[in-house]
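The following block contains the structure, expressed as structure tokens.
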């Protein structure tokens, strides 16, 4: 489809050919989707699975539960091969994506400030293919660190104070679904180039027969269409509080869902859970988003960012 | 494009009937039929209810590349499979596949031993056809909880594939059909009577653990087809982890569903 | 059905024949359901619609949107006839419910501490039929007051310091879906007899054609099955932080949903949005809950409160 | 039990076919048929998709207490009505009703004037039958956007009920059927030619506002049947508010759906 609307956006220095990005942890590292469509020719950017300095096993099984309310819950817990293993396995493929115009955002995970530092240093050294980084300070599924690192403005700013000096590349911060205005301001003040929200919302699913969690952990992260309206509201709250660009995440499964995120103030939009149950959704969402932008009579989709009227 | 990449296919329901108590037989027409290796699976999307978003990952019994048909069996255990059981001939949807790594042929010489528990039978039948095509003799054990749940037609197919020399034992936990008792009891006898190069098993986790232990005690290599809740079926979400003896986890959807039983931390 | 399990529970002094209650604003004032089943003979308690000292008009239309993810959004904004009008219209009916064994919880709304005081005084004077009160400090749909009154532990405690001295009857506090442990502790310390949570979760639904909210307000409250797992987690967090009983609210549409709330630590469970789209659900949920309790082999459902194992 | 309480009824689909462009005709069999007053509505639950939880509130064209059938017309505008349009004869579900306050007979002597816009026709037909049964003469105007959307059979029913003395005018916004123009233009003519005691209107909000203004200018009392998104249909949630001239709001589901046009703040 030939577009009459310029779809290119700039996510804090990460220049995307279109606003579509992928939510970390729902898209493998891209290669898993090559059988469905040409990843490098389609997406504006891909956000890879969270990676730490050293390999993590992640959480025991079961890690997944389906909820009756248009949602799932997961407690994967950032299983990853460590930066070296990640680069060995996916470096060439990801460089290929970049060569074809798809930006590559590597996600940095850690249990402590020191682990964030080590992971960032390793990425800086080993990942020339990274267009930028996403610092995950909001994983609800790891014992220490994770969400705790982003629970308060002070803690969040501390992580940025460690990561920021280590790289000149754009740094996006993945935020938890609470106090997004306050924490967003703290992250902007501490040098974040962009913010991405929301991470999954902690929930519980109990097997009423055994009285135990349906997952190996007591709580896990809720995602899917069920949380979309909540995510749009948080993107709007955050966009009203900061001047840096935002990547909107949360239950996006259609062009209309993505359009809501953009109107609420998102510069880019990540598709997450929908990639799992509808793996061909990204190209469709892109077409729908472009058609909507055309229908809105703008020549550049940037005119629609934050164009919500109230 | 990635060479061995999973993709999405349309499918049309050709048949969907009750095969035994709580178990249904589904026949679909889909281009995936020509791409499936024994022991692989596909993730079927059941249309209509947006409140249950995940697909239904199912292994298959057999596929006909000419007719483009695939035969599957599934147990109605939850909302997703309940809705799948309501799909009628002519209805269409999409599936993701072929998914995962299937059965492999025995490394050594000699017979194979197949063990199926309940709804674990379809992938075991796919293994039986693979072995028959390769001219490898096998014996088989098919267990069910009770007579109503025995998939007689499929066990007959198993016997046909096993040939004159092959023994096929049916057993039920309550003895209402075939022998009374668990598959592992019948397996113990066969292991004492005959030598096997390789065992193939699919069934409840506790059964596969028992089969794996027995096989190991008799020095028989054993392949197991594991089942997990799955988010995607192609390695995107890392939700279907299988604990390994070596430590850490493999993913059931891409590293499996078939594993060397000795690598699995039961 | 003759029960082999004692279903009676005590919600901070409100003695309920069974754990089922109704979420304020989803059940009118009970009489609307008399055509579906015998309200007074069925429920453990009814929580009436929020009422202020003087009548409130509530928000303009539209007040409702259906979301694709098993949820709805509303911005009613506590339309109410004031305590006098409420008592005139519903007093006799509600006294009748009490006479038949169904406890009556009147909900107190206000824009300011002074309005909470006035409303509580009027209820004390005019509502002998009230078994207890629920103080709503979490309505997301009113300009001043509402959720702001319960946004911090300090603000929440302040409301209690005004209401608590004015009545000897049990006081339940309706909490917003954030910081439930911290705010719950503050409410217990300031004299709350019980807590009810969660209120709706603020969300946004944007008409992408007009770029405006699908409701008259920019944000509104999300409710329904979509938020159930999130609500169960918050009930668990709150129950682990306080010693007073909790009424669990959020997407309960089945006995299993109610059982999850009880296992997570809820003494009572309110049915909300399900009353709107499935108005006969309460008797069914009660039967399912009782069957589950029987199946768990207990003689008293109180044995199952907080029995979640992790 | 509350005397005039709304309750839940089973219903079985007897017919569900396209009646015009984007408009479907639904015939259900349900005990509610014997309880409906003209202008009331019912809230139908469409089974199958848990991701869209609200019912579909629909007014009705006619009900047959003997046959226990109700005839309804609806426009397919969203996911709920799309799924309703897929229900087939024999399928059953539940509905809540009878809901709301319907039309009332004119207070004064004289003819009535009925005005319907698009899918507003069914309740207007219920009013027509009410008036015919009461021996009150009426004229009627039925407007549609374009010819494809004209409900010809129903307009014939309207003419039959209006009798020899009654005038029934069809118009379309684009002139592709009947007169070209809005219903308010035709209404203006009739108001100049004949005297009316009461007007009855149902259609888009902007149309009803125009009808209400015209009626008021000619000193004709006017009843309007309002439409709102509804959470329940029986006064439990207060979501379907209608702004009043007197200030504050009424609820469309219990105070309406029929209102005295002079009380509504347009």
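Think of it as A, B, C and D in the order they're written, each chain with its own count starting at 1.
Here is the rule we go by: a contact is a pair of C-beta atoms (placed from the backbone, for glycine too) under 8 Å apart; a residue touches a chain by one contact, two chains touch by 3 or more.
Only a predicted model underlies this, so the values are computations on that prediction, with no experimental measurement involved.
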Check: interface with higher C-beta contact count, B-C vs C-D, is C-D
Expressed in whole Å, how far the mean CA point of subunit A lies from that of subunit D is 48
In whole angstrom, the CA-centroid distance of subunit A from subunit B equals 36
Among all residues of subunit D, those touching at least two other chains are 50-52
So subunit C residues touching two or more other chains come to 68-71, 224-225
Among line, ring, star, complete and other, the chain contact graph is complete
Contacts from subunit B onto subunit C in the complex sit at residues 50-51
Listed in rising order, subunit A residues that touch subunit D in their complex are 68-70, 225
Subunit C contacts subunit D in the complex at 25-28, 31-36, 38, 49, 55, 57-58, 60-66, 68-72, 74, 76, 79, 224-225, 273, 275-280
Seen from subunit C, its contact residues with subunit A in the complex are 67-71, 73, 178, 201-206, 208-213, 217-219, 222, 224-230, 232-233, 236, 251, 256, 259-260, 263-264, 292, 295-296, 307-310
Within the complex, subunit D is touched by subunit B residues 48-52
